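The next block holds one structure in the form of structure tokens; read it before the comments.
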């Protein structure tokens, strides 16, 4: 029994696994979660769901049952990992709580059909995706690169926010009287301004006067800079992060034959 | 009294502060300015403002009162900073003038309701955001990176302007007769051209003939290059700026454990 | 005869050619394929095709005939290349099979006019473009740079997919009741979400409520980050790839006078 | 007289000027050309032109007169520059021919009002902008960076073209029967495809079926990659170009106090 638990723990807990990557069991769990997520998404579409209620119910129950078993097994084997002092400590970790919540909420899903509780449950099931992140420590390298330049990225966001305010205020002053529905207030003008600065440009609202178009064009052109700035910051962050990877690497190194020669030299 | 003034000066004037970052008082001032800005924005939206005129008036007066007190205190303590030769020298600095203007204009705000003066006052309050920049010298590093490549960025703007002219002229020649409202003159065609080159694409105007669409497609494709160019220039500027940061750094260094080893070596 | 075959093989098989670049024969073949592709595209447009059926048929037959001859010659000379153990081995390579299929399918093209088989044939002819890739090993350098950062690019795709799900779910909850046609289910809301996150913004569907617009604006702003992330990753990948080019270069080196001095030094 | 010619040549011919930048005379010429261009643009807009025909005519004649004098002076002083073997050699250079053409065509402008010849003349005047490029050798550095990666940029264009074809073909197959006006042929579907891949997204045409939207969403997502690729290539090109600037610099060095230490070291 302890032997079985130890082997199961290695299968279920990525931290105890010797090799990198996901174990077969965890790959299966991932597939289950994605399938469950897909079911939740498809169920909202009435043209797919209508007439297949029973099929959806059965698949949902099977998936939830399997995930409930997985949850139980994880609680059982968690004592193998010295990181958790007790079973309760494991159960109270955020990811374990999300798992429990997702399994519990599924019970209300067939009952309160189309209700608010159900919708929240669906959202919770979507949030379960966050669980997948736990399987891999590798996104650390990307988030670290972003984190290193967090200050500059916030600054470029602040520039964007300022520009958003200024362009909204101008359009409100220029076109507020002509198109009250679209530009009648600064918050309304902001909807146009966001669509323009992000270059989405739905085209539901747009300036119609010469002055409005002149300012709108200026906004669109400056918007390019607001896209270029975070992109440039991130590009330089990634360049730096990948050059330093070998030192702090937590992610899997994908080019082990290129040791960072100039770095090891400087530390001599 | 001089002791109080010295301590207050350290709280209010970021240049006299020993530590980096904002003092508690200045953080509170920032919150006040942002709240005042939010009030100005929300007040323009009739569905929010209607029925809450008194609430807006009270909040506005309280905020303005606090900012007026802050202005007064700053004038009082400015003599502590050797950068200002006299009280008058401080009062005439642009940022102090903006502060004064913003405080003064609020008085006209409840009177000339929906008037032009009021609108300008609102804009002035928006401009007050610029004051926040003064609290931090740190955006220097980003603006320096942009400044270093100012020449190349202007050049890529000139390329864009040329392309804007050429594509507008072509669309005017091709579709001017068919869609006179949209392409009947080069300035009109420019509205479409800006929307296309910046990839905003409102869709209020677009070519309809085969030739117009062919040229429009070409414009859209070249537009990608016009976005890629400043982005690439900025990316390389940031890469360079961050590598040199430790030498000229005016911004707060966020990774002090990585001294720029190869640079110190070259200066030996 | 063997002498002719050897010379023809050097003309037709880019692997046997001594010099870099395409031989004259292969450049001609490329032109034929592009012409054939252009014919296929133009033929679908009724305003171009109508009244020119015979012209299209003749050009199609001539092009197919020439490509059939090319196919035959390639089968004949393939024994010169030691990479293929037998004629059958060559015939069964994917690119040779595509060539054969394209030549064969053309026969059904004039018969089953506007039929499904014909459409597939057209698609097959489009797929033939893939054949051009075989002529050059040079895109290796770009694909290698992309391949090096494949992991990070997949991760940024996973972030995008998560954001896509979350924003679709929110908009479904907020606007599902008001605009059932556009946001009545998560799959429907996804259409809006993709258009917004990629900044395409068709404008056929967009949020209309204040909450929907607030969340839509947030989605658009985060969408900028999702564009900036892969761009930054690719920029750093290309920087690295081009620096290392001289070592692993399979593509044509375009700046041979700049040897990677610091790399040769580290290997001493 | 030769003394006057020599001094005038230094003013008019940027190649003979000792200092960098434009001479006062050439700055004035630039202003004249831009003014002439602005006149051409504004004249096409009937709401601006109507009632001001005389004003436009006078300004046009004055501008053209001044540019004609400039042309004459340039022909006179060109012998000072050893680059031109004779006056005729100078007159036959492309930029001198454009100047002459622009001056000559202005004569037809007031006559054939709104005629085709006039429109071409306007376009010629727009082309005159190219003349400005001659004043500065500095855009060399940007074009060189682009030129270095020309091969990779063409490759990314080829990828884009392939994707354009494939997505157009798919949408034609899926939605050709439902929306014949928008997707009834591959060339028609291309208009949608370009708008989507470049993320312009006018919204005049878009898929309406589930399959069409699925493929459209896929196209939009892949389109992000097509924007990221050239941006990344250009970013790495600029990084490299700016690092090498001090060696091959033809453009004005804007940071002369940072000699490329590591490069001078490797050449020892």
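Labels A, B, C and D are assigned to the chains in the order they are written; within every chain, residues are numbered from 1.
Note that in this section contacts are C-beta pairs under 8 Å (C-beta built on N, C-alpha and C of every residue); 3 or more make two chains touch, one makes a residue touch a chain.
Keep in mind that what you see is a predicted model, and the values were worked out from it rather than measured.
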Task: Classification of the chain A:chain C interface as same or different, half of numbers criterion - done: different
Open item on the list: From the C-alpha centres, identify the chain that is farthest from chain B.
Closed with: C
- [ ] With chain centres taken as the means of their Cα atoms, state the distance from chain A to chain D in Å.
- [x] 41
TODO: Express in whole angstrom the distance between the two chain centres, defined as the mean CA positions of chain B and chain D.
DONE: 29
Open item on the list: Where in chain A do residues touch two or more of the other chains?
Closed with: 187, 195, 199-203, 227, 231-233, 235-236, 239, 262
Task: chain D residues touching chain A - in the complex, by the definition given at the top - done: 199-203, 231-232, 235
Open item on the list: Considering only the defined contacts, which chain C positions touch chain D in the complex?
Closed with: 37, 40-42, 44-46, 48, 119, 122-123, 126, 129, 138-139, 141-142, 160, 187, 190-191, 194-195, 198-204, 226-227, 230-239, 241-242, 251-252, 254-255, 258, 261-262, 265
- [ ] Give every residue of chain B touching chain D within the complex, in rising order.
- [x] 148, 151-152, 155-156, 162, 165-166, 169, 172-173, 176, 184-188, 195-196, 199-203, 206, 210, 213, 217, 220-221, 223-225, 227-229, 231-233, 235-236, 239-240, 244, 262, 266
